[in-house]
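Following: one structure in structure tokens, then a few remarks.
Labels for the chains are A, B, C and D, by order of writing; each one numbers its residues from 1.
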Amino acid sequence: MNTISTLVSMLIFPGGLFLVLAGLFYQWFDRKLLAVLQNRIGPRWFQPLADTIKLLAKEEVIPNGVNPYLFIGLPLVALAGALTAALYVPVAGVAPSYGFSGDLVVVLYLLSLLTLCMGLAGANSLDRFSLVGATRTLTQLFSYEAPFLLALLGPALVAGSWQVGKITTYAVNHWLILTQPIGFIVALIGLMGKLEMPPFDAPEAHTEIVAGALTEYSGRGLAIFDLGRAVELIVGLTLVSSFYLGGVASLPWFIAKTLALLFVMIGLQSLLTRLRIDQTIGLWWRYGTLLVLVQWFFMAFA
Amino acid sequence: METTVTSKSFTVPIGPQHPALKEPGHFQFTVDGEVVTQAYVRLGYAHRGIEKAAESRNWVQDLYLLERVCGICSHIHAFAYCLAVEQLAHVEAPPRAEAIRVLVAELERIHSHFLWMGVSAHEAGFDTLFMYSWRDREKVMDILEGLTGNRVNYSANLLGGVKFDIDATQAKAIREGLDFLEERAGHYLQVLSKDAMFLQRTRGIGVMTRTEAEVLGAVGPTARASFVPRDMRLTAPYSAYRQFPVQMVLDDRGDLEARFEVRVHELFESIRLIREILNNLPSGELSVRLPRRIPAGEAMVRLEAPRGEVFYYIKSNGTDKPERLKVRTPTICNLNSVIRLAVGHQLADVPMILAGIDPCFSCNDRMVTLTDAHNEGERLMTWPQLRQHGIDFYKQVGK
Amino acid sequence: MSEQNLWRDVVDGLKTWARVNSPWVIHFNTGSCNGCDIEILATLTPRYDLERMGVKLQGSPRHADVLLCTGAVTRQARERLARIYEQMPQPRFVVAIGSCAVSGGVFQGCYNVMGGIDQVIPVDAFIPGCPPRPEAIIDGVVKLLSSLEPARKMAEIPGTEGEKVVA
Amino acid sequence: MNNEEILSLAEQIVKSWNWTTEVSRSQPNQLDVKVLKLEELVPIVVGLRVKRLGYLSAIVGLDLGSAADQFEILYYFCEKNSAIVLRVHTPRVNASLPSLCEIIPSAEVFERELREMFGIDIVGLKTIEHLYLPEDWPDGVFPMLKDTQLPALPVQGEKV
């Protein structure tokens, strides 16, 4: 009996299908709100869905000078990484289906697996733009990874365990945003770095390197990469909001908190100019890490 | 043209195309270590052979041809052509026509500066400013459309005068539009001079001293940002600028930020000038007849386009077709000066310097060939790779 | 036999619906005077905003479905235009925007100008105008998309005559 | 200084060295200096630059037709509202001109265009690649000449 329920929970509800559709909805919310902030009308609600179906129906062009297996395999690995990361995170208010002590690190590793795959996809082709995009993606990965992890470890220290499930149960009754405000800010900006949102979108700078690491991808590969990023958006949002915004007890709470967090990020997104990649690195290593350590210092002694 | 990979140099030809308004161009820098030692520019993607075509069309057809040299400053080209032909035919356009011509020229300057502000913000990655400035630019386009019937290439000019008149209602619409634009320009001046994120990309980059600007032949806002007092509307006043003088906007810092601010201050200046023209628009008819055959002779006219001084030379041999027509657009001077300016500069600063002169075509693929002075190896880099190169450079320097 | 067609119809219907509702666009300037280019850009800005039709400006030909060409093809740009067209994956469309792209316009007969996009690559939609207003460009793109619908629906779409879509 | 002073100063410069030139005032504020000897062009330009009189606004090439068998090159030096025009004549057949690149760096682009469009050999011009014409442009064809036959446009099917 429970194999069917685990199958359903794995594939339908908090698992694959729900995640993908929710990811697409959040992407639509992101594009629509950004457009409204730039007082445009913005896309219709089904836009990401139509984009994905259209891309799946397009011809897949495999350029020469590219290792075909890697070219086809990487998007699948990326999507798989993002989906498995969702297993350990309380998506849609439901307790995480799996959990063991120390699975916070596993979640973060799986999320950066997606970014790694994009970097590899870029390096795999001879096109100049993807090479530059690949180097930028990886450089940015190394720059925001440490402060983001430290910022998430703050609540873990307070909750006394590295298991996402335990941290969220602890976080439900005390809002860690109040006790660790600096940690929250670094986590928020780290999430924007991980999702390559505008101030940190040098890896796929529209006007400079055309489409960054994914310049050579078309059709299915591009669609799967986009789905992976959509799922990453959901997982990242739930992670930060369940740690700092007092846990995600139920579905309505989950939707409310993640959308609120997304709203703040979109606001920041529309205000800031794209940072050059060296400025982003400077920002992270100089200020990001420092701020988190200051936060820990207060936590340890306050 | 396939990809050739050799040990020393690799050449990858990449098609010039670009999502935003761009036109292909090609720069070539010789690098010694990190400092640019030699530079030259290769154009030609948009060369349509206009000067040759002008010789096979009669005077009136040439007017329509020359309005399409550049889509953004089409009025200035027609204005310069008409002045040169009128000079040849020893005819003066009536004062009302000249005032209307100057009015449309200033409206076009506002249109061009708003457009440039959006495009350079888009290039720097600040899309909200791009959307906002292009939304406000629609107001200027409405005014121009109300006046001339077309948003771009408004062909207001006629050999010997202007095609339309400005009545009270149009004047009122222009005034309202200008109030809105003035308020928005003030807001953008704040953004360009206060926004820390934007200043990181403009302050202290691409500094051109006054002597450099003069020697390198920079024109327009680029020169005026380095305190070179060259503004054809003032130094060589033409048509109605004699009755409606302009204050020149000068800045002595000479860096990118100065070039940005000079252009925004010019917006205010243009708005003030348009209001002044509207208040005392001379009366009189709109155009004067010109003979079909222009008497033989040669004429040279220099006007102030939004990007700088445009130079027109026309030689006629008494027939109904010009014998020779030479157009020198401001962008080639600015490009020329910026290329020379790049020599001695860090390679890492070159991308922003080029974006700062508001080239009439801002090159998009900007393929850059680096020939290493020492071991004669040649590296062909694309624009993004050049930017990446700059980044790696700054990392080592630890700036 | 019948339900196999039904299944194929559903999938085809879905594919066409997706293609009509998310046309990704790439812009290439083959030597235009920038008049048409700024009008294309104006369609993406707040007042006209093509994003509500699902149109997104893409940088790489691999990601794009519709190639917006402006300008009478100069000799220098001819070969690059052909290469970009080849780089685009199938179901691709070409829209020639502006009189120069449609027929060479004012520069017809100049020595360095091929005169018209269809001299180099097959064109699906022509949008005349110098420059065409943003509304005309939007109208052209919408008509091009609606021409994707299966033939029988074509008749109901006003203003489309015959095979070439003329806005 | 106003136009009159500028033009008279220019005239004085041109006359101070006994260069073989003919000076005339064809237009209200324009000084025409007809340079008869080719090698005197560069010294005159240096003379103007030393006095910082006018910047090189443009170089105009004129094909006076196969009858006159002459090219006329106009160098426009403009200062405020006046212009000093150096006129140089060269024969049409293997015409050559001294380059002003060393004195005026920005002249390079104008001279490249002159060389490309008229086929005048500019001595001392460092970069000789095409500025405006496409790479596949046949050599020896100079578009701006009056009697040139322009190459046929590549046919559509022709492979790139």
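Just so we're on the same page, contacts are C-beta pairs under 8 Å (C-beta built on N, C-alpha and C of every residue); 3 or more make two chains touch, one makes a residue touch a chain.
Since this is a predicted model, take the numbers as computed values, not measurements.
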Just how many steps, at minimum, does a route from subunit A to subunit D need if it may pass only between touching chains?
2
Of C-D and A-B, whichever chain pair has more C-beta contact pairs
A-B
So how far apart, in whole Å, are subunit A and subunit B when each is placed at the average of its C-alpha atoms?
42
Subunit B-subunit D separation of Cα centroids, rounded to whole Å:
24
Could you tell me the distance, in whole angstrom, between the mean C-alpha positions of subunit A and subunit C?
34
Residues of subunit D whose C-beta touches two or more other chains:
133-134, 143
Send over the residues of subunit A in touch with two or more other chains.
38-40, 129, 206-207, 210
Two or more other chains in contact with one residue: find those residues in subunit B.
18-20, 44, 47, 49, 52, 131, 135
What topology does the chain contact graph adopt: line, ring, star, complete, or other?
other
Chain pairs in touch?
A-B, A-C, B-C, B-D, C-D
Residue numbers on subunit A that touch subunit B, as the complex places them:
37-40, 65, 126-129, 131-133, 135-136, 198-199, 201, 205-210, 270-279, 281
Counting only contacts in the complex, subunit C reaches subunit A at residues 14-15, 17-19, 21-22, 24, 45-46, 49, 51-52, 54, 56, 58-60, 62-63, 65, 87, 89-91
Partner subunit B, residues of subunit D touching it in the complex:
27, 30, 55-58, 60-63, 74, 76, 78, 80-81, 83, 85, 104-106, 108-110, 117, 127, 129-134, 143-144
The subunit B residues in contact with subunit D across the complex are 40-44, 47, 49, 51-52, 214-217, 235-237, 300, 302, 309, 311, 313, 315, 324, 326, 328, 332-333, 335-337, 340
What residues of subunit D sit close enough to touch subunit C in their complex?
133-137, 143, 150-151, 153-154, 156, 160
